[in-house]
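Both of the next two complexes hold chain A, though its partner changes from chain B to chain C.
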Partner chain A sequence: MPIGEVQPSVRPARVGRTDGAAGAATRRGVARSRRGRGMRSERLAPYVLLAPAVLIIVLLRLYPLLLGVNFSFTGDGERNGVAVGLDNYLELLRDPLFRTALGNVGLLVLLLPVAVAIPGLLATFIYLRVPGHRLYRSVYFFPAVLSPVIVGAIFNLLLAFDGPVNAVLGSVGVGAVDWLGDPDVAMFVVVGVHVWATFGMGLVVFLAGFATLDSALLDAARVDGASLPQVIWHVIVPGLSRTIQFVFVTTMIGMLTSMFGLLYVMTSGGPEGSTYLPEYYIWIQQGQMNRPALASAASTVLFVIMLVVGLLQIKLLKRAAREV
Partner chain B sequence: MKQRAMWSAVLVAGLALAGCGSATGSDSSPSGSEGKLVVWDWKSGEASAAPYLEKAKADFAKKHPDVTVEFVAQPFDQYYTLLGAAIQSGKGPDVMLFNGGGQIRDRVDALVPLDEYVAEDRQRLAGWDAFTKEGKVYASPVTLQGHPIYYNKAIYEKAGLDPAGPATTWSKLLADCAAIAKVGAKCFALGNKEGAGIQFWLSGLASGVLTATEYDDWIAGRRDWTSPNVKRIFQLWKEAGDAGLNNEGANSTAMFNDSFALFQSGKAAHVIGLMSDVGHWKDFGEFLTPDKLGVMDAPVVTAGTTPSLPYDGGIGYGVARWTKDPKVAADLVRALTSTDALKAFYADAGAIAADTTVDVSQGGPAVAAIVSEIKGGKPALHVALSSKTLDLMGRLSQQLLGGSITVDEVVKQLAASDRAG
Partner chain C sequence: MSRIRPGRWLVAIPMALLALATVYPLLFTANVAMKTRRDYILDRFSLTDALRWENISTAWTSVGMGRYFVNSLLVVTVSVGLLLLFGSMAGFALSQLRFRGSTAIFLGCLAGLFVPFQVIMVPLARIMADTGLVDTYPGLVLVYVAQFLPFTVFLMTSYYRTIPPEIVDAARIDGNSVYGVYRRIMLPLGIPALLSVGILNALFCWNDVLMSLVMMPSAEHRTLMVGVTSLRGQYSDDIPTFASGVLIAAIPVLVVYLFLQRQIADGVAAGATKG
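Up next, the complex of A and B:
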């Protein structure tokens, strides 16, 4: 009961001041209250120091987010500003284009292990010092510095129906493929180009992770006669679990939020709407269709998906990390 | 954790049920300082538009010497996104540039009807329909935009066809295309990556397919999607694709400017192009000399139809609802559409101006042919459709070329979207 002890120690001081006799007690009391003030400012200090960051997050992140969610429950056009409940969300559910966009998000999640495995494997080879590893280290990173628009434009030229890739295919007797015009192929092409353009970042993170790997373990495994796949699976993967986890999450976020530039330049969501992603859908609804409230609803759905996917990933990867 | 979930549920439910739709500013608030008008467009940044703007500014300064005008050039691909944000907040430019058709009709809530201010210009300018909704005019046309069928006379000569007498019927055109195929060129340059190819196809060919009544009904909003002639347009689209009349990979070819590049470079004999801005007589002139560029009427598909040039007001200036003095802003719009200003626009920016009194005889035979048809021309069919229906039509047209949908299903879906919009 600390409170019970504090109260009596303060009271005598006040009493002392009123009867004007116990000067020593008063001085002691003043010293204490000064210490109390010091403690209070010490208690407040962290909040004061945190305030700018918290205010920025609340005012510039959370408040607009809430406004956006709020806005998604209002109508567009003639019903501008009128509460419409869940109408926008129901419309999204009924729109086959939005369903395609969500389906493509599912496809991205399925392709995620590939997008993580590619930089992982390449980093492993560089770490194991394959011939020319110094050159590869810089070459692999090179596309990561290009803007998606430039990457898209380059691949537009390469993958055009009368472009060089089809010319090469033709010269070896394989029929031309309409890479960006075939709805069954286009999404994979765009994801492939995105992975090509961004795997350099994952590679650098992996290389940084390798720097923390205990090389004694690798040597021990080699002495024990482990094969390369065995070394990768039993030594490298467990040793890098935190790095892998980080690359998984960042690659997922990158895939869901920064493919707009590529989509815009390479396919414009087509052919037949097969390469729509939620962010592209949001842009079309807001900018082209003049449906800002519907776009807000789609944004809210995308936000929730990102939240759920991100949390699930962290949870799964944490469990995996504990098991190994 | 449970408590957190409950709180978020309460929050979401609260927002949904209360539906406090306060995020949008539904009431107007005045903007702009005294004596200043702000204009938004995507043209004023271009060097070729400078003489036009100078003329317009000078004209406006004569009437209102104390009012300054500021032109803000926005990037075109972001234009309607930025404008949408400005409209939502109820603050923005006083005068703004619009594309005719859906883009302006979707946004008339933010505009002042101009009928009383521009009455004098009604005769001199053409293309008002594209800026009209429910009988009220919301912008004055600057340029005309339409879809003439251009053809390459050099390919015609090579294929042994008469360059002065292009096909007037669909069957004759198919025969010509067979001859053109023999000399290694495609019949049509088609870019349908953005889904715009079908819009040009629909508008470019419709006057030879739909009867005059059907055509006028379509423009008036009474669109009969079950009509066999409407269906025929989409059938022709599919047949042309199946017969290999288009360049290969049309669904991955961008209309701007890959398909026009195919036409200019002589890989395809025909293209349904534009009249103003891009993909038109002035653009093609870079590679095709004016005497090699022809303009033809839509081929007659349904006997008894009279082909006409499909065109509308291309771009035009409107006045925002929140401007202080609509009269002054409307005067600026009038200055921007004065004969002198539009003459400069035609000559320097390469556009068919909305002013029919502008002399175009220097522009070559193709532009003269286009201008001579403006009088008998009719609004383009696709401009009458909502952006939503156009977007759907783009995707369905890609499916038609890819072979994953039937014409009947396409017409059915478009009819449903058109009714809903």
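Up next, the complex of A and C:
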């Protein structure tokens, strides 16, 4: 579809010029001039078809983004609507909860390679047809369709202090772990559950990438006697660089924007505020603390983080792909 | 060939264990839902001695999961219907019609993809409050449609691009208006994509908790996932009822997945490869 070309949709059709090269546009013209009367409504048709989508996206997605940024420079409560400059942002920086939230984002970035490598490796094995590969694809993807709330509730049950996981640990002589009550442990548990729930997404994307991989390269590597790690590093990684890049970005965005349900159900940000993420902080400030302007500032920070993460990863991976 | 094969059982065994770890938590929950409280406290892991549906019916009626279930079903159905309608209309226009501003409009829709709900939560809540749509079903539907429309438009546009323009031209020559082409040609031809995108959107809407939590404060308007979150405080000492509530929320998704996993996985993959 010629997005680049912008042409008026109706071209006057010249009689006797319907030779092949004139192509679709002329034939459309013929059809239209034959009808004649509906011309005006026909010309408007694309806009009519697009109107609902454009109105909704502009009014309820793009406009609120601007509104929110604008909001973040005004005050809350008594100073409602008054311009306060950077006050909200300074308050964010001073707020230990928001600092924890940012620190946890850093932790997510550090754990990101693991969260990408797991589905990547599993997809590789499935692609290389380990026994049972057909079954694994559908089993592994299954938790990805469950709501984070359901996943969180299930793991709440399993990881309760007097719950089944600790019962199993106790029966083999390991002391009970306070999975969701220990500030040093809880965030790792929540991230672990998130990875458990979503690695199937990455897996499916990787498998779609493998479908585009030239299998002749793999065969050549095999004939040359390459080991599995060599095949992965020299054939699969460069061949799938676009897919890997995509999974990196979507996994990070998933970590930043779809862990609310888990946090809400599993820890409510605790213990001691150790499992805050920006999205949870925004929700607390907006819904519970009645600080919409402060929440807007946090939203703007989250948006900037997402932009930076997206751009940075694309850049880094492009460079890495060139060096391999 | 053989150089890659050695140790494939070394790989296969962890993969089988992982598969088990993937399905076990839900099976455990289903088993607990069938137990009595006493049975659960005595032995968490033993298989239930009978299929008891009392816990499920308690969760459905007195906990209110039935009510929330109907709320969710209503909101999800209307949202997905509107998403498919608006998404296919826009996708058809963007892929097959020539008009001024098409590039700008396509990029604008695409930009919507990069605005997550968390980022616009505060202003959106205010807009909904100002227009009186907060705590109403149309309000939540509108928020869902706005959330998932960019993705829907994007996928429908890339799908409709694969349809040769000659088909549209032929239909035009037969005397169809643009709207006629949409209704008689594009909608029927788009069914595979509409099915795939529709299932994905239904899952997204059904599974949402944050938007529903922000937009539907009153208890009788709760959607099912918000209902699940409310189980935690109330039923934390009645684990079988808790598990039953979770199961009620998971079963529809489970059924959809069993029958339509191909479409779901293809939809996710299509979103990736066309991006």
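FYI, the second predicted complex is superposed on the first by the 262 of 324 C-alpha atoms of A that agree within 3 Å, B and C clash if a C-alpha of one lies under 4 Å from a C-alpha of the other, contacts with A are read in each partner's own complex, and residues count from 1 in each chain.
The definition used in the following text is that a contact is a pair of C-beta atoms (placed from the backbone, for glycine too) under 8 Å apart; a residue touches a chain by one contact, two chains touch by 3 or more.
Quick caveat: nothing in here was measured; it's all calculated off a predicted structure.
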*Touching A:V204 in the superposition: chain B (first), chain C (second), both, neither?*
second
*Between chain B and chain C, pick out the one touching the greater number of residues of chain A.*
C
*Identify the partner contact of A:Q288: answer first if only chain B is touched, second if only chain C is, both if each is, neither if none is.*
first
*For A:V84, select first, second, both or neither according to whether it touches chain B, chain C, the two together, or no partner.*
first
*asked:* Let me test your reading of the model: by the given contact rule, A:F188 touches which partner, first (chain B), second (chain C), both or neither?
replied: neither
*Between chain B (first) and chain C (second), which does A:F246 come into contact with in this model arrangement: first, second, both, or neither?*
second
*Figure out whether A:L67 sits in contact with chain B (first) or chain C (second), or with both, or with neither.*
both
_Applying the document's definition of touch, where does A:V139 land relative to chain B and chain C: first, second, both, or neither?_
second
*Would you check which partner chain A:V130 touches, where first means chain B only, second means chain C only, and both and neither mean what they say?*
second
*Looking at chain A, which of its residues have contacts with both chain B and chain C?*
67, 71, 283, 286-287, 292
*asked:* For a test of understanding, state which residues of chain A touch chain B in their complex under the given definition.
replied: 66-67, 69-71, 73-75, 77-78, 80-86, 97, 159-162, 176, 178-183, 186, 267-268, 270-273, 283-284, 286-290, 292-293
*Interfacial residue positions of chain C with respect to chain A in the complex*: 1, 3-4, 7-9, 11-12, 15-16, 18-19, 21-23, 25-26, 28-29, 32, 44-45, 85-87, 89-90, 92-103, 105-106, 108-109, 111-112, 114-127, 142-143, 145-146, 149-150, 153, 157, 161, 165-166, 169, 172-173, 175, 177-179, 182, 203, 206-210, 213-214, 225, 228-229, 231-232, 239, 242-243, 245-246, 249-250, 253, 256-257, 261, 264-265, 268-270, 272-273, 275
*Within the complex, which stretch of chain A touches chain C?*
1-9, 24-25, 27-28, 30-32, 34-35, 38, 41-43, 45-47, 49-50, 52-54, 56-62, 64-65, 67-68, 71, 122, 125, 128, 130-132, 135-143, 145-150, 153-158, 163-164, 167, 196, 200-201, 204-205, 207-209, 212, 222, 225-228, 231, 243, 246-247, 250, 253, 256-257, 260-261, 264-265, 278-279, 282-283, 286-287, 292, 295-296, 299-300, 302-303, 306-307, 310
_In the complex with chain A, residue positions of chain B that touch it_ = 12, 15-26, 78, 80-81, 84, 88, 106-107, 109, 193-195, 247-253, 258, 387-388, 391, 394-395, 398-399, 402, 404
